[in-house]
Amino acid sequence: RAEMTNPVDIIPYIDTESVSWIDLQGIGNEAILQQVGQVFELHPLMLEDVVNVPQRPKVEEYDDQLLLIARMVRCQTHSDSFITEQVSFILGDNYLLTVQEIPAHDCFSPVRARILAAKGSIRRMGADYLLYTLFDAIIDGFFPVLESYGERLEILEDEVVTNPSRQTLEKIHRMKRELLTLRRSIWPQRDALSSLIRDSSELISDDVRIYLRDCYDHTVQVLDMVETYREVASSLMDVYLSSVGNKMNEIMKFLTIVSSIFIPLSFIAGVYGMNFENMPELKHRLAYFICWGVMIGIAGSLMLFFWRKGWFENYSTIVKRRD
Amino acid sequence: RAEMTNPVDIIPYIDTESVSWIDLQGIGNEAILQQVGQVFELHPLMLEDVVNVPQRPKVEEYDDQLLLIARMVRCQTHSDSFITEQVSFILGDNYLLTVQEIPAHDCFSPVRARILAAKGSIRRMGADYLLYTLFDAIIDGFFPVLESYGERLEILEDEVVTNPSRQTLEKIHRMKRELLTLRRSIWPQRDALSSLIRDSSELISDDVRIYLRDCYDHTVQVLDMVETYREVASSLMDVYLSSVGNKMNEIMKFLTIVSSIFIPLSFIAGVYGMNFENMPELKHRLAYFICWGVMIGIAGSLMLFFWRKGWFENYSTIVKRRD
Amino acid sequence: RAEMTNPVDIIPYIDTESVSWIDLQGIGNEAILQQVGQVFELHPLMLEDVVNVPQRPKVEEYDDQLLLIARMVRCQTHSDSFITEQVSFILGDNYLLTVQEIPAHDCFSPVRARILAAKGSIRRMGADYLLYTLFDAIIDGFFPVLESYGERLEILEDEVVTNPSRQTLEKIHRMKRELLTLRRSIWPQRDALSSLIRDSSELISDDVRIYLRDCYDHTVQVLDMVETYREVASSLMDVYLSSVGNKMNEIMKFLTIVSSIFIPLSFIAGVYGMNFENMPELKHRLAYFICWGVMIGIAGSLMLFFWRKGWFENYSTIVKRRD
Amino acid sequence: RAEMTNPVDIIPYIDTESVSWIDLQGIGNEAILQQVGQVFELHPLMLEDVVNVPQRPKVEEYDDQLLLIARMVRCQTHSDSFITEQVSFILGDNYLLTVQEIPAHDCFSPVRARILAAKGSIRRMGADYLLYTLFDAIIDGFFPVLESYGERLEILEDEVVTNPSRQTLEKIHRMKRELLTLRRSIWPQRDALSSLIRDSSELISDDVRIYLRDCYDHTVQVLDMVETYREVASSLMDVYLSSVGNKMNEIMKFLTIVSSIFIPLSFIAGVYGMNFENMPELKHRLAYFICWGVMIGIAGSLMLFFWRKGWFENYSTIVKRRD
Amino acid sequence: RAEMTNPVDIIPYIDTESVSWIDLQGIGNEAILQQVGQVFELHPLMLEDVVNVPQRPKVEEYDDQLLLIARMVRCQTHSDSFITEQVSFILGDNYLLTVQEIPAHDCFSPVRARILAAKGSIRRMGADYLLYTLFDAIIDGFFPVLESYGERLEILEDEVVTNPSRQTLEKIHRMKRELLTLRRSIWPQRDALSSLIRDSSELISDDVRIYLRDCYDHTVQVLDMVETYREVASSLMDVYLSSVGNKMNEIMKFLTIVSSIFIPLSFIAGVYGMNFENMPELKHRLAYFICWGVMIGIAGSLMLFFWRKGWFENYSTIVKRRD
């Protein structure tokens, strides 16, 4: 394992029989990429796809090389979102060239550790097996991201039913958007992998094809989970809309209860506030108290009516919930 | 039928001509699995798929073995939900190794009973027929779960129209979510079964293929039912939203009726409560009673108006419903 | 044409060269079915599919027999809904065995009439043509059911826009659910028919394949109609939701008009009901009448304002509609 | 070009080498159709498909004839809707028999004109080219219908946002329903055309296949437009629902502004209308005017509050819009 | 590079061995097109497709020519929308004829520059490579349009949540409509490209096929982005609807708070405004002040109640947001 800055230094490694893994970190320096292109005799289109990010994940066969464009995701450290990064694999007979979009942070560390420790079958097998190991590491990198989405969805589900606010709406929409991006990353990788397994490139041995088939299954599993989360998020949007309607019902019920009780009472009070000269009731000694009795009676029967319609039940549950 | 704890004890059974069924319950003990792997000469990927649950249901052919990952469901005893569990089948020439994720509770009891009773064709036929029998038992295990969902859906349908509450909304959303999980379990099993029937593995005889075709039809039937339930649940969400809107209409109608009747009356009362010095009506002897007459007339004609608009009809039906 | 109760009596009919149609009505009596199975040498899976209803419609080829599971629908006499019933066809070289789930009521009467009248080509042609005739009768049986749904949909469309009630909502949801069931009946029949036409079973002659192609077209037509109805029903749910919103707008407009006119007027009346000692207006001789004038002026200009906003227009159309 | 009423008169035309086009207008007279069937030796199924309208558009090959069922649309003269009509083409070696469902009004006039004028390539080429010309005329007949829908959609889009009423809702739903019917007409024609191009019938020459390919492209274009219109109409339904909600917001804002301003003021007026003996404020000489000042102050600050919340802005735009 | 107005002048260029690119700008002049048709011996259908815009993008092979209909988009300078224009490519053995619908503004300028500068591989390679270069330029022309949509979507997302108005709704609907048009432009180009790569036309060399594969990937990328934007726009419509509901809740809360506080207080004021002769409270010296105390107490406890229900919290956030 050596770090180089001059692409020409690679040449001796290519011609050896042993498998070489060349990992180019960062695609900023065009001159180096140009040199690498010359050293490995890359097709101009290949180089273009490697440099012009973002490309759609895909597999392309050239004469004696195979280009695999993959997309790596990882959770962002300080936010809920994730970052995607393009990784290009160029598989030759006995070398594997990987080009990463962003120098720092990849998910290849466990693979590197296994190589250095000379553990596992990576050292014994060819460059195609190395390609599988790295691609598998990329797919495995999707699972922690998906888990964080699963957790966020569960929190949102609680929030939507108990206390739907404007922020909840924004969160659901943002989640739907991010899941769309995630799907756009994983979907073409499945297709690429599928064509890698099916097509008869000589660069991939049959043994490795069995391993790739396993990797394909994991990709489908990721896709399944993304689709499930998207459907749950869509359903959450409906739940939100219904929750908002429910909340309005509660508000309207409160307004209706208060208004329906006091507006008729106010009317009665208004009647006996009239200044007609001949209003017999006004003169009765107990009239005022009878009037209060009538008013309390009306209020009580209205309360009973609302209680029987179940408006209080529903209302009390919410109050409990918020405590 | 024997219970063993040391995998090496299996060896004599494998080499006999008769069919052996080895059922490994639980995947917690890695050492035993490792030993089993050596005894049966399992491909490392095979062992990985068996151990790392959850895997997507699938069929994979290896040199002289066939791996079938299936997913078993069963209703939970104390709740509405269900539990899924991975069952891995490894089919060899004259043995079938099954590995269950969770030791207790499987749906193989009827199969075991039939074997012990030496009944049915299980004893006469090969390991592939045993595989079919067990897989069929797994698929049949979906039907009770689906039935419980069918019943819950019907209860929800009633609840949504007669008395939609916040809990109803949560229930619909949870049901949609669980049906998604159920679909994710059954969908890949259909694909696995389909490839099992189509592909020409030598481990599956043509006779058993006919049986698997039947099993495939049941899987499709399960899938059809899950999809139907999902569409009904989606439609229920719309019904819920409409019901909430309907309920709001009822509330608003009540508020409007009460307000529209008493606000104008209060205005009249207010007018005759004014303290202008020159208000001829106040002096009339019958003014107060005429005023009452006018107010009752206004209230009556408003009531008639609302009645003709059908606001009371609709309202009365709800009251009836709730008794 | 003879009615038999003992399956063994069929044997002489099977071995003749002429085509025999054996129609088993009802699947309750297992012993008879077992005997029939022996007489016709049916595969155990075949018998299972015939007996364990409901099965998914399908075609399955056995050595020298062909199993076709179909689903027959008919309108219920006293309700809007429909009944489905499984019909199993077992086609042999020169016989056709049909097994109906429910004894009474099938849609084969016209076929029977044609056979007895020795009319048409049914008598001249083979068992496969008979299969076609009966299956065609089943598919034709879908059309009256679909027509009844078409009519119900039109009634619902009127109801939704003119007078949407809680019952309308239930009806739409029930219709959607029933159409789902209908689709689940017809969809697999199309697939079965398609595989019957495409596959090269020797039991179906090329001449009959042309007829089956025609039958297939009708099946697709049924499916098209079911799908169209489902989309119309889904759209109706949206229309309902909008109608509920519209109705609420009308209610709110009424409340707003009444409140907006009388609340300010009540305020004015309240002001002159105050008991301040120094309120110069109260002493003026015409003050009361001026006050009335101002109030009428305010009410009038508010009415004009609402009229110009078009709130009355919209409102008047509804009143007209309901008369 | 001759008009005949007796089918037997056609016989001499069939046997000539030149291409004959027989156009049967109307399918009411069964006797004539029966005779035509005998003259052309039509398969009984063919005749059935021609007579029993509506059939699904399709292509069927018989021994030396080809049946093409097409569906012709045209705008209705006095309404927005369209009429569909079945046209059956029976293509023989050197004749083309077309059967129209409704005698009057077809879209073949330009073709007839070109034949009579001996212009174009129709006269030189075979019956298959004539089939292409007529079918192309049918597909071209869809475009004016689609244009009328495009215009109606644009009118509806304006109506939905500026002034959504109950009628708008009905119009959107009707449009969705009609577009579904239109799709059901064009979709199977595309399939029929596709199988006509792909299948190797000897009745269609390779030269004409190139022309049919062009016709196929137009069919796809029609389908694309129908699908686009359907999606726009679906989106319009959502816009309508949102518009209704928006309108309700406007109504509620108005009610809230009026109520929130006058209810507190009425309360103040009510306070000073109380008859307590000891109310010091009442005696103050300027109290009444101070009271007015306070009330105007409250009203003003509430107005300012609403204005800052943007409730008036939004409201003013609507008033402008309606003028 | 020469500009010509008489099509006959092209003839010498066609017969040379070097590759000629003839670019016809505008399709208004039919005479010239007719002449061009004769010069290049175009099939009549080809000419028709070139002239009758809009055609669906497609590839059609003729004897020794290949027709590719493409659709070019570009942002409009003074508006958010985009313009589409049909470009027809006719590829011959050593010439490429392009016909543009609108003379001015195409996206071929960089290609022209490279040809004139004799840079790149365009000069060295055949007419098929030129076709690729131009088509690639068309696909690349979609990206700036998509970017402008991405930006507009982000602005809309902000607008929908913070301040949803009637204009927002119109914008979302218009965006959905335009994205549908965009999809209708790009979708068939993908199909055309796919058939160009797959089919074995001799006019396209294998080397160029590799380049077209790259171009195909970009087309799929454009399509992916359009679909993603459409799903985001659909989700925005739901967000809008929920936002409208949220806003209504805020309005209703405000109304309910004001009404619930002042209506009961007005009732109390109304009670002591009654004119009963015997109302003991009225005579008490501190009664008026006690009455005020009670009213303030009621108002305070209602405020506390609303505050505990969280109605003020939510409300305050909006006020902050608008500042």
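Going by the order they are written in, the chains are A, B, C, D and E; count residues from 1 in each one.
By our rule, contacts are C-beta pairs under 8 Å (C-beta built on N, C-alpha and C of every residue); 3 or more make two chains touch, one makes a residue touch a chain.
Note that this is a predicted model, so its numbers are computed, not measured.
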Starting at subunit C, fewest touch steps before arriving at subunit E: 2
Chains contacting each of subunit C and subunit D, listed by label: none
Fitted rotation between subunit A and its twin subunit E in degrees, CA, nearest 5: 70
Cα-centroid distance, subunit B relative to subunit C, in whole angstrom: 24
Centroid spacing, where centroids are CA-atom means, of subunit B and subunit E in whole angstrom: 38
Touching two or more other chains - residue numbers and ranges from subunit B: 241, 245, 248, 252, 255, 259, 263, 266, 270, 273-275, 279
Going from subunit A towards subunit B, every chain in order around the ring: A, B, C, D, E
Touching residues (chain side subunit D, partner subunit C) in the complex: 43, 45, 48-49, 55-56, 58, 60, 62, 163, 165-166, 169-170, 173, 176-177, 180-181, 184, 188, 237, 240-241, 244-245, 247-248, 251-252, 254-255, 258-259, 262-263, 265-266, 269-270, 272-275, 279, 281-288, 291, 319, 322
Contact set on subunit E toward subunit A in their complex: 157, 161, 210-211, 213-214, 217, 220-221, 224, 228, 231-232, 235-236, 238-239, 241-243, 245-246, 248-249, 252-253, 255-256, 259-260, 263-264, 266-267, 270-271, 273-279, 308-310, 314, 317-318
